[in-house]
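Please read through the structure below; I'll follow up with questions.
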Amino acid sequence: MKTEARPYVGAALERVEGVEKVTGLARYAYENFPDDLAYAVPVQASVARGTVLAADVDAVVRLPGVIAAIWHGNAPRLAPADNAELAVLQSDRVAYRGQYVAVVVAETLQCAREAARLLRIDYDAEPHDVELRADHPEMYRPDRVNAGYPADTELGDPDAALAAAPVLVDATYRTPAEHNNPMEPHATVAVWSGDGLTLHDSTQGVSALRETIAPLFGMPPENVRVISPHVGGGFGSKGAALPPVVLAALAAKHTGRPVKLAVTRQQMFAVTGYRTPTIQRVRLGADTGGRLTVIVHEAFEQSSRLREFAEQTTTPTRVMYAAPDRRTAHRLVRLDVPTPAWMRAPGEAPGMFALESAMDELAVACGIDPVELRIRNEPAAEPESGLPFSSRNLVGCLREGARRFGWADRDPTPAARTRGRMLVGTGVAASTYPVYRRPSRASARCEPDGRFSVRIAAADIGTGARTILTQVAADALRVTPDRVRVEVGDTALPAASLAGGSAGTASWGTAVVRACEALLEELDLRGGDVPAEGLEATADTAEEVGEQPEYARHAFGAQFAEVGVDLDTGEARVLRLLGVFAAGRIVNPVTARSQFVGGMTMGMSMALLEESVMDREFGDYLNHDLAQYHVPTAMDLPDVQAYWIEEDDPHLNPLGAKGIGEIGIVGTAAAVANAVHHATGVRVRDLPIRLDKLVR
Amino acid sequence: MNGETDITGAGGVPDPVTADLRLSVNGVPRPVTVDTRETLLDTLRESLGLTGAKKGCDHGQCGACTVLVDGRRALSCLTLTVTADDVEIVTVEGLADGDALHPLQAAFVENDAFQCGYCTPGQLCSAVGALAEAAEGWPSAVTPGLSAPPRLDETEIRERMSGNLCRCGAYPGIVAAVGQVAR
Amino acid sequence: MRPFTYERPADVRSAVAAAGRPDAVYLGGGTNLVDLMRLGVATPRTLVDVTRISSRAIEETGGGLLIGAGVRNGDLAADPLVRRAQPLLARAVLEGASGQIRNMATVAGNLLQRTRCPYFQDVTKPCNKRLPGSGCPARTGDHRNLAILGHSEHCVATHPSDMAVALAALDALVHVEGPDGARTVPMPGLHRLPGDEPDRDTVLAPGELITAVEVPHLPFAARSRYRKVRDRASFAFAVVSVAAALDVAGGVVRDCRIALGGVAHVPWRAEAAEAALRGAAATPEEFARAADAELARSSPLPGNAFKAPLLRNVLVRTLADLAEPAEPAGFAESEPVETP
């Protein structure tokens, strides 16, 4: 390990698990081999709505190598779950196509797969409804939307303000369903011993998973151990417990054998969550100088019959720009579709596509530079709550980005520049993401030989958490990082919040700092003497996190894109993407850059590539593999750059850090769409921007 | 519809067929008994304990399972193990020379060419193969002419590595790492 | 996957004999077959691995190149003879799939790969190609990537190969060995239109083994181009593609070869466009007229109507690039015109 002079927070430490990952020795969930292992392969419903009448499990268990075939008719009973998705094989109802309706367990993967293929299931199919429409008669207002926000907000008299506005933008934007598609498919190895259950699982949060799984099997959480040292990406989809992990535990219980289960890539399009499609109407009223007088942002989304997941699509609009009159609203319809869930920046990513596209349309309508337009609408305090911002540097990001990108001499005329056979254009959009912090525990321990270990049930899904916490601990303990070993990803460690909401560094960092401080205090009391059995201290941040003074805490950023659109084919490609972010203190510039760039790459992909196509006749996401659902290759984004403005924000946490995992995706799609408009004169309001929308 | 209508009748379900093979993996002979349906990826991961090669899609669409077969990069998820008894297989576990990392492995660490690490073994094996192909003068879709030997600039590296998806978006680091070793 | 026996015949004769058994199929690189077996679309009981007996040689014959059926796509595109004599073929192959897949895929397997129609690949849904008589949900469902030319009410699938488009343009001959002896099948002509038998992709009889592909010399094809349009910048099947070679003298088109990918059940030889071009002035107007002549035969569906203007633009542009060497390119920068 390279070590550098203190403070280590802010230093470019290499990923501590780097060598393990490049040598293939890092173990992911499926790569565990308890004795007497069996393989489980789930079977998915082939109707979108109806009941399972029969499953010919008897025929299948006679096949060579098959240990068991389980369906609701013979499945172990689970305790009732709050989340009906987790009542796996507990009823004969089919709520969406692709729902798990059975599982086959066999001695080998080949036998299990074949038996699952052969298992005959009869249904009573019912007509299904899988189409999101804004005028769907069953649209309703959810009580709250994700992350606990109110569904609707209103200030002043937006309707009157709209009627009076000298300049009006009224546009409807659509974003498709998108699937997280981490490279590692969700996987579990489940091992029962007595009434204890061990799960090697690809989860973003071991503690949360244990709290969810244990009660389903009628156990206290202590009886469940979840181990997850390395996770092959999640982007939200491994945040909450999902049907496959329950199914693995259930199959292991039923057979009395350790069982491993990996979701196939195709199955991931049904059972591991996705970003809801949205229909968003944005209305902006402004004076001729581009000063907003009114903002109205309404979103229509879907969820499944099983579970209400209402994404917080319009919440960033509550934060972004000043305007006296304003309204935001969410409407939801429950369809016969798979259950949507978190996907990187749920809410902010689609919501800011709409808002920031509309801002670009307003800039065009007013004849004002889009960077300047945003600066003109900078609020003094959080527009809806009136709370002061703990720090807000959107203007700084816009200015710095404009400078680095070379925005200054931009001619706003659309469809006016070619390079070879390509129309080129540039676009800008703003980003924002809230700062969350959640209670966590951690322990810090000192050995007589002067080495330290820090334990916390955090998750490193590729964010660099292990590395960052090593830096944080080294500073707090006032030692070099090579003397600190950080252990994460195991419920045997002090419980911690999950990797989500870009809250890892803030939440776990706080707990680690407090544990290290406590250890140093202990050491001080003992005059620096470490007993032979070592010395340990723990911390719990529940109280500290609960008592935060009220501030509006958000990260901000600005995204700049240059695109080229082929004159003949309409193929659009992003030639250059540049983001500047203000996200508090950056703990590690190497891993932070990778996080920003990774988010921006996904945002580019959202703009141009990604769409899960709902098949109306059959009711499933049709293009359910990586040949049909496109995520970027190395060729798709030749130039992506991330920069940041250091912020010294005393109102956050001991590290002064805001989250960085999600803001990179926010705003990117709008910047690209705005650039496509600048290049071609065509305003594409429904993502993704594929060639069929541009070819003439 | 799920399932087949008649799996018990005559001519119904054949029994699994197995074969005894001697594979050569990372220079070591590995005798195995395999089901003919087994892919090299599953044999490596489930039978031989070599879990470096990753399963990202199982259908040739992501590159995570890339290994070297007789020095050429190939997808182990679409290779039936029974077909691989007379070839030399190298996985990510076989790239380093003892404790000394392969130059590409070192360059990946140095350039932060990964986040979650799940695509990384496939990226590494693919890069080893791609560099060998370029050294032999193989053109790619972006090579300007077919007669002159290719120059491994950034675009060439990006195109040649395009069969390896990275959802974390670590491409800038990957391209830099491969470029560093190519020079 | 259904269990199967694996055989590695010693020569072509025994391969053909082995393939005569029920549910026996040849295995090439496996990049399509193993994929389809895992999906349950293909359920063979015997795999006859022909990779050890298929020729991996590329030889110059008097009239052209003879390419062994077992030549890997990667080796094919890298071969100095192919690069020199048949750059269109090399280019088309390089545009396909990924480096890894090209290293595995064989020439024969590439020709015989099956459609990427999403319904065909999902055994829980009907599909006339997979299960004759079950219906074609693509017609009313998602057919964005499917055919606009030569389709039938029974099937609107496209053939996904890039290589085959070049071979169709180049009048390749496919050498086949079957239970009844050897024969050659000309391209285009190997693949068939769906008609009312969409389950049959080609004119090959069961058990016929492709042993080689012969590509006749076509001196003017030294100036040729393969233009592939796709949704992703790399590693994606064609939305549409054009393989073209143009022989222009004194501003007049003396001869030309044009084949289209991503638009039909077969690699589509654009005969109407070719006929319109021969003897015509090498001008954008004439190129557009030729494109329209071809498109007059098309019948797009609602979800792929964009392919008509797209194809027209790409065809005109490709021909113009071939006629006008100095033309700078858009994304086609990556797909240069091959010049002698």
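Note that the chains take the letters A, B and C in the order they are written out, and that residue 1 is the start of every chain.
One rule holds in what follows: contacts are C-beta pairs under 8 Å (C-beta built on N, C-alpha and C of every residue); 3 or more make two chains touch, one makes a residue touch a chain.
Just so you know, these numbers come straight off a predicted model, no measurement behind them.
Novice: Chain contact graph: line, ring, star, complete or other?
Specialist: Its topology is that of a complete graph.
Novice: So which has more C-beta pairs touching, B-C or A-B?
Specialist: A-B
Novice: Give, as an integer number of Å, the spacing between the C-alpha centres of chain C and chain A.
Specialist: So the centroids are 40 Å from each other.
Novice: Can you work out the whole-Å distance between the CA centroids of chain A and chain B?
Specialist: Their C-alpha centroids are separated by 28 Å.
Novice: Could you put a whole-Å number on the gap between the CA centroids of chain B and chain C?
Specialist: Centre-to-centre distance between chain B and chain C: 26 Å.
Novice: Give the residues of chain C touching no fewer than two other chains, as numbers and ranges.
Specialist: Expected reply: 1-3, 38, 124, 233-235.
Novice: On chain A, where are the residues touching two or more other chains?
Specialist: Only 46, 110, 114, 117, 627, 632-635 qualify.
Novice: Specify, in ascending order, the residues of chain B that touch 2 or more different other chains.
Specialist: Answer for chain B, listing residues that touch two or more other chains: 1-2, 13, 15-16, 35, 37, 58-60, 155, 158-159, 161-164.
Novice: What residues on chain C touch chain B, complex-wise?
Specialist: My answer: residues 1-6, 27, 29-31, 34-35, 37-39, 45, 47, 49, 51, 74, 77-78, 83-84, 87, 90-91, 94-95, 97-101, 103-104, 124, 233-235, 334-336, 338.
Novice: In their shared complex, at which residues does chain A touch chain B?
Specialist: 14-15, 17-28, 30-31, 33, 43-46, 56, 59-60, 62-65, 101, 108-111, 114, 117-121, 181-185, 230-233, 235, 262, 264-265, 461-464, 590-591, 593-595, 597-602, 625-627, 631-635, 637-638, 640
Novice: Within their complex, state which residues of chain B touch chain A.
Specialist: 1-5, 7-8, 13, 15-16, 35, 37-38, 42, 45-46, 49-62, 64, 91-93, 95-96, 101, 105-106, 108-110, 112, 114-121, 124, 154-155, 157-159, 161-175
Novice: Provide the residue numbers of chain C that touch chain A in the complex, in ascending order.
Specialist: 1-3, 38, 40, 116, 118, 122, 124-125, 137, 140-142, 144, 229-237, 239, 306, 309-310, 313-314, 316-317, 327-333
Novice: Which part of chain B faces chain C closely enough to touch in the complex?
Specialist: Interface residues on chain B, with respect to chain C: 1-2, 13-17, 19, 35-37, 39, 58-60, 63, 66, 69, 72-75, 78-80, 82-83, 126, 129-130, 133, 136-147, 155, 158-164.
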